[in-house]
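Okay, so chain A shows up in both of these, paired with chain B first and chain C after.
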Partner chain A sequence: MAEDIKADVTMDLKGLKCPLPVVKVSQQIKKMQIGQILMAETTDPGAHADFPAWAKTSGNEILRIDKDGDVSKFYIKKLK
Partner chain B sequence: MDPQKRAALIGRIKTSLSRQLRYYLDLCTRCGLCYDTCHVYYGIPKKEYSPVGRAEIVRRIYKKYFRPSGWLFPFWGDSKEITETTIEELSDAAFSCTGCRRCMMYCPFAIDTPVVLSIAKAMLIEYGAAPEELTILADGAVEKGESIAEFKEGYRHVIGDLEKEVATRINASSPEGLIPLEKKGAEILFVGLAGAHSIVNPAIIFNKAKVQWTLSWFEAVNFGAFLGDPIKTQRIAQRIINEAIELGVKEVVIVECGTAYRIPKYLLGPLPFKVSSIIEVIHRYIQNGNIKIKEKAIQEAVTYHDPCQLGRNGGIYEQPREILQLLCTDYREMSPNRAYNWCCGGGGGLVALDNEQFRIQSGKAKRDQITATGARIVVSACENCIFQLETIKTGYGLDIEVKSLTELVAEHLV
Partner chain C sequence: MDSQQEISKLQAQLNELRGSTKNKLSMVVFSGDLDKLLASFIIATGAVAMGMEAVMFFTFWATPALRDKKKKAKGKNLFGKMFGFMLPKGPTKVKLSKMNMGGMGTAMLKYLMKKKNVQSLDEMIALAAELGVKIYVCEMSMDLMGFKPEEMISYPDLEFVGVAKFLEEAGSSKIQLFI
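What follows is the complex of A and B.
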């Protein structure tokens, strides 16, 4: 079983239409402290490519992606 | 403002000044006919939200730095120096315009205000003042193109889940292969969006039509275009062009997304494959008998909102209407429609910005059009429009249902 990750902030992005999930995550992470973890739940299949690509360009890290049915939980650590 | 920054901005304008742009900038007589054609001005009647009001900021800067009157008599007339305030004005002007080009339909000189505002967007990028949301989205899309190999596994996994949904909806014995990825020799490369609905509904239609198709790794929308960055626009579009060439497809079919359709269809020059909207393809399948829909299955009053980039700027008017007239017993037109249809206020990347109240206000014309039809179901064929129509519905408390045309077809297949 994967180790539990404690998120500092959680976001429910389920059902949000393109392109809002990435925009909302980006806006939220800006408000957080370096080292804090954001957990974002989304139902967008595109998020599995869009979130990692955004993390790469913005210099943040996706620690883990948990999938439960059509809901995916992205654990994102703010690195800068 | 730092003189070096100002010089860089002037240089940016200079490189953008095509003959077409000079024509637009020199020719406006400020007749004011465009005022009442803009959906934003209809909802917020301030000069700065009129087409001429927006373009006037660019026009005055042009006069200041590129016309003799601006050099010789800067104190006289209406030239404008580039300052921090000007940058803010340019941002308001550029990102309150959806690029719908309705104003151009009424302008006696056919001045294309969004093209004038492309200078404003270029200056904002040069100054580092372009909207952060659009920059993030465009950069992410470029990165996805460069590192797609890293993201394939995760994406393939979620597509597997969507295949199960497709299998249930079409009563297929197995979900395997219902949403093919990287299928060489497929006839069609379908380019969807991030949302599951944008993939599942077309997949149902393609499977029912029994065509050889494959799903793109990429999303159709081009945030580089919304940002006004031609280099990023090209790089984002090139991802799909390369994929289509590599797979050897004959046709690239674009999801319900107006800008995503217009860019490869009209703005990238000749391509070694055909570019179609999913709406054209659905229409073709119905006409050719590849798919059958339950005729007259919808009895409630239905109206259609022409997405600006698909209709006025893309030329697709009749296909969605013919599909809806087959599906519905009570189809009603908005007035005006087709090339003169009012923009809903969701285009130009505006739905990605933090501006809901502005979009509700600028959606007033569309609200009035919808209400006048008395329709209960409002159908459109662009993700941005559908997003904005939902905002208008909530913002004005309308008792309507907003539907995507592809979704409606997928729900009513025989």
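What follows is the complex of A and C.
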């Protein structure tokens, strides 16, 4: 496994369904500083398509995705 | 220089084009079906998450879905009373477009949505309100079906408008949908 990424904020989005994971992440990232990292845990299978699409459109970066069974951890860096 | 002039002219045109289209989604919500209303609100709230503005224009069968079941309006004529009675009163009363089966299908879907933690239409409307999704309601539909502003849901950004308002919004939007 790659080295640990230190998240500034973590969010538990397990159990939430479309569109909530993306809505919650977009609300949270607005409150953060540029360069900070958000770690969002989700069980939504659609997140693997949705988070990258959201990041591309909103101008943020997904640093890494750790998948462990049904739970995926998305490390998102705020770029603007 | 001629080419210089040409370039500045093109630049001016480009700036004009950039200014005319906003990062916005405009939607006509025509259907009063639960499934289509849910899809509309999922797309609208998703758009805000993507950094867009979202505008929903409610017309025809979608209009009664924005009524508040607890509110009453006085002074309706016979037709207004009939429409009021026959059309669903608010977001909790709308039915599926398919597999309704006298209400059984809709009840089953609602049960599944709750079990699978999918947001109800009520909750989606509250989320849209929180995110600043704008709702326009077609004045003509209101008038035709005899609905009154005082029987509609309390929503922070709701206005009664005509088609020109929708077209103005749609004209300056990146995405336009009819649902």
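Rule of thumb we're sticking to: the second predicted complex is superposed on the first by the 80 of 80 C-alpha atoms of A that agree within 3 Å, B and C clash if a C-alpha of one lies under 4 Å from a C-alpha of the other, contacts with A are read in each partner's own complex, and residues count from 1 in each chain.
Methods note: a residue touches a chain if its C-beta (ideal position, glycine included) is under 8 Å from a C-beta of that chain, and two chains touch if they have at least 3 such contacts.
The structure presented is a predicted model; accordingly, all values stated were derived computationally and were not measured.
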item: Fit or clash - chain C, chain B, common chain A; value: clash
item: Broader residue contact with chain A after superposition on the shared chain, chain B or chain C; value: B
item: Touching partner for A:52 - first (chain B), second (chain C), both, neither; value: first
item: Which superposed partner A:65 touches (first chain B, second chain C, both, neither); value: first
item: Clash with chain C (superposed arrangement) - responsible stretch of chain B out of 202-210, 220-228 or 238-246; value: 220-228
item: Set of chain A residues, in rising order, touched by both chain B and chain C; value: 17-20, 22-23, 26-27, 54, 57-58
item: Residues of chain A defined as touching chain B within the complex; value: 17-23, 26-27, 43-50, 52-54, 56-58, 65, 67, 69-70, 72
item: Complex contact set, residues of chain B against chain A; value: 132-133, 136-137, 139-144, 147-148, 150-151, 154-155, 157-159, 161-162, 192-196, 198-199, 217, 219, 221, 223, 351-352, 354, 383, 386-387
item: Residues of chain A defined as touching chain C within the complex; value: 15-20, 22-23, 25-27, 54, 57-59
item: For the chain C and chain A complex, residues of the former touching the latter; value: 42, 45-46, 48-51, 116-119, 127, 131
